[in-house]
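My questions all concern the structure below.
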Amino acid sequence: MSFRKKLYIIIFGTDTPAGKAFDVGLLIAILISVLAVMLESVYSINQRYGIFFKYLEWFFTVIFSLEYIVRIYVTDKRRRYIFSFYGLIDLLSLLPTYLSFFFAGTQYLLIIRAMRLLRVFRILKLGRFVGEGEQLGRAIKASRHKITVFMGTVLMLVIMLGTVMYLVEGRENGFSSIPLSIYWAIVTLTTVGYGDIAPQTILGQTIASFVMILGYAIIAVPTGIVTVELQKDQNKQKEKACLKCASKGHDSEALFCKFCGEKLPV
Amino acid sequence: MSFRKKLYIIIFGTDTPAGKAFDVGLLIAILISVLAVMLESVYSINQRYGIFFKYLEWFFTVIFSLEYIVRIYVTDKRRRYIFSFYGLIDLLSLLPTYLSFFFAGTQYLLIIRAMRLLRVFRILKLGRFVGEGEQLGRAIKASRHKITVFMGTVLMLVIMLGTVMYLVEGRENGFSSIPLSIYWAIVTLTTVGYGDIAPQTILGQTIASFVMILGYAIIAVPTGIVTVELQKDQNKQKEKACLKCASKGHDSEALFCKFCGEKLPV
Amino acid sequence: MSFRKKLYIIIFGTDTPAGKAFDVGLLIAILISVLAVMLESVYSINQRYGIFFKYLEWFFTVIFSLEYIVRIYVTDKRRRYIFSFYGLIDLLSLLPTYLSFFFAGTQYLLIIRAMRLLRVFRILKLGRFVGEGEQLGRAIKASRHKITVFMGTVLMLVIMLGTVMYLVEGRENGFSSIPLSIYWAIVTLTTVGYGDIAPQTILGQTIASFVMILGYAIIAVPTGIVTVELQKDQNKQKEKACLKCASKGHDSEALFCKFCGEKLPV
Amino acid sequence: MSFRKKLYIIIFGTDTPAGKAFDVGLLIAILISVLAVMLESVYSINQRYGIFFKYLEWFFTVIFSLEYIVRIYVTDKRRRYIFSFYGLIDLLSLLPTYLSFFFAGTQYLLIIRAMRLLRVFRILKLGRFVGEGEQLGRAIKASRHKITVFMGTVLMLVIMLGTVMYLVEGRENGFSSIPLSIYWAIVTLTTVGYGDIAPQTILGQTIASFVMILGYAIIAVPTGIVTVELQKDQNKQKEKACLKCASKGHDSEALFCKFCGEKLPV
């Protein structure tokens, strides 16, 4: 096996000890670099250790740049990797630091630096979490049309409610425009309730009470949808047969047949 | 096929390409006109572009008026359309602009203009969302008696709790009347928690703690109800046979038999 | 049939038209009298119409007194009625007005006047809501041990969290005692979030974040419990046989056999 | 049976009347001592009864010390008890008072004193709550991987959202650092909504609206997970056979076979 092939298995694979060690090391590097982004934004910390964070950022950028180059070097389908979701994120998370070299006021690149977190998902694609994650994903995917219908109805509701409250409460009670009133309706219906805008008139408080009780009751709907889909997915998995030994009754999060060890069909 | 018949299929139908294009165009027109109503209410925007929004409103009113007239022209059962739910909403969403011509201070007509949104539901009555929406509707309809019992109990609870808190906290702590205390109880039980009224005495805070834990626990009840109804609905659908090939085991959101393509009974 | 017997059927029964009319009349009287209690507490309304509410209260007290006397008169098991739950509430809801005749400062009797609402439950014990209510009741009763275990764990958690936050935030940030910190922990864990007490230190906000995510996640537990119990109850009902025709498969909220009309066993 | 053996049964056992009485007594002592810790922290109470609470604390410390010594005396596997979870808590809950004898400013030992509450769990390990608690525990344990996946996704989400909001709202609107913005994102996503930090710009409020609706919708996920696991656990229990009479169909919370009274396998 060539050196390049070996490196490929370490960097892209997750089954060998070296591959696992690489993943864990990368995970730690990503988490520290994101933590640095966060701490740098704290005024008092930035005042004192600003220079240190600058160096740390360059240190991680160089490491991630090397990693990116090696990834391109070892992979066979280079174009495919570069333009893949994770390939683009790998590149994007490097650019901000280099760009800050040429342009001033690049604070908006912070978001891109925080996007490094998305790289964590690739690394976590190992072990027993895959089956669980896939099961959740399937249930959410199966619920998407029902959730869309539900969300659309909720959206219409808050637009109507926002318009009504704008007229009932008016500018003098903080409901200074329909969009702001819709914002209030969302804050109330979802039971967040900041309290920065709150109804003052009796009629407004009565309507608000109905909105709250409504919000309290309709949260049951998405919950019911997801629960039923999860249940359904599980039943379907139970009915699925192993392609090798034809056995049934596998758990919904199982990846391998429990009788013959064969990989189960998705 | 007469011109009137063709127009009918375009305007009321959803299956032809022309019908779909008409629906999408109407959908966009409605959404823009509602967005205009919202933006017009923002003080700074209204100051600058007030005249523009006036013109836009007249533009959409004329378009919707034409659409309303054509709808009456092409339909065979005119009286039925005019007095149907959507017919009345079609008419209502036109009136505010014309009325503002004759009367001043017609800001309350804003609500009616926002009601245009309800027209979206007619347009969305297409494609795969129908089955999903119907399934949700059936589950909610089947839960209505249980939800009523639950809501009635919650209503009694908040009235009792409001009365108790009015006496415990009293006027000096912001619980200035029983209705306002009931409003507080609803805000707390539904876990919205604005914080504009909050208990100050130790006894009041103790009672409030019980209310919160209660609210936290009883949210389980409507959720359980809807989940069970959704599950039940699904099982019922599974048992339902296709009228053509008598096959069973159809998904609850299926509209057509998966074996012979026949429309399934509702 | 004696006049007393006839009166008994009207007052205690719900199946005859006269009985139904009596129940509806009583329901309206109770709701108006409770509404009067509420409105009387509003300062501006009390200032203007205070005398009117006094008279209204006496009017309803006399009516309910008459009703109470008639109830005792028509029933055979007088002692049993008087000391039953509803009998005591019937009496209790009369006393406050009479007591206000002899004592001043009887505002605390307000709560007892609001307890009249409990009488509504007796009247609502009719029609299709019984089966639904009973089903909910059974599910909640079956969940009570699990809910107790859950609640006990939550209680311990908030006591621990309250103590920790009292030390972390301290008096200067509003966490002025352990009971108040526990109150804060309950407000946060149940996702009510008034905002009257909120952590100011970084450590405090970090702990608070964990509390919130915990509260967000563990709400799943009571919901799961009630859902499973409702499902279980329904399955049990399905398996239950009619005592007359031995048919099975009845809905969980059914009161009568759908094949022979016999009352189903509870 | 030796005196030591008898004492062992009373102190560690729960089945004899004496054992039950001991447990109840200990439970009351623990609850009073924790209540004392709480009340002592209230400034006004501490000012007046400070000395009394000092004595009470010493009184309970002596009692719990005696109990600890007796526990060591009666048990056969001393080392095992001392280093067991409950053994360590028994010791820890004594130390603070003794340490306060030697060191000043030991207020941080309060937390350890509050940890006495954990001892309650040992005592509650009796009666019908065991089965229920175990069932809940199994369901939560079975959900742990899915909950981890869910929580990880939520954590990433709030970090991203916090970074975005820090840039959108900025220091002047209270989002003074990324960690604080993440704190805000958690407060909002979990629908707690203190309102101490709230978006002021239109873009910020729009993003916040999406966060709220997201938080409102994704609460369905952990709920669905736990519900399905509880259901699954129940079905599994139903299929489990009694080791003595081989009967099936036992309730998930049952500890004993309902046909022959044999203890069921866990």
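When the chains are written out, they are named A, B, C and D in that same order, and each has its own residue count from 1.
We take it that a contact is a pair of C-beta atoms (placed from the backbone, for glycine too) under 8 Å apart; a residue touches a chain by one contact, two chains touch by 3 or more.
Just so it is clear, the model here is predicted, and its values are computed rather than measured.
Colleague: For chain B and chain C, which third chains touch each of them?
Modeller: In this structure, the chains that contact chain C and also chain B are A, D.
Colleague: Please state whether the interface between chain A and chain D is built from the same residues or different ones, using more than half shared residue numbers as the mark of same.
Modeller: Different: fewer than half of the residue numbers at the chain A-chain D interface appear in both copies.
Colleague: Give the pair among B-D, A-C or C-D whose set of contact pairs overlaps with that of B-C by over half, matching residues by number.
Modeller: From the options B-D, A-C or C-D, the copy of B-C is C-D.
Colleague: If you tally contacting C-beta pairs, which comes out ahead, A-B or A-C? Let me know.
Modeller: So, comparing the two chain pairs, more contacts are at A-B.
Colleague: Cα centroid separation between chain A and chain B, in whole Å?
Modeller: 29
Colleague: Using mean C-alpha positions as chain centres, tell me how far chain A is from chain C in Å, no decimals.
Modeller: 41
Colleague: For chain C, what residues touch not just one other chain but two or more?
Modeller: Expected reply: 179, 182, 191-195, 215, 219, 223-225, 227, 231.
Colleague: Which stretch or stretches of chain B touch chain D in the complex?
Modeller: These residues of chain B touch chain D: 191-195, 223, 227.
Colleague: List the residues on chain C that touch chain B in their complex, please.
Modeller: That would be residues 34, 37-39, 41-43, 107-108, 110-111, 114-115, 117-118, 120-121, 124, 128-129, 132-133, 135-136, 139-140, 147, 151, 154, 179-180, 182-183, 186-187, 189-196, 215, 219, 222-227, 229-231, 234, 253 of chain C.
Colleague: Per the contact definition, I'd like the list of chain B residues that touch chain C in the complex.
Modeller: Residues 145-146, 148-150, 152, 156, 159-160, 163-164, 166-167, 171, 176-179, 182, 188, 191-195, 198, 202, 205-206, 208-209, 212-213, 215-217, 219-221, 223-225, 227-228, 231-232 of chain B touch chain C in their complex.
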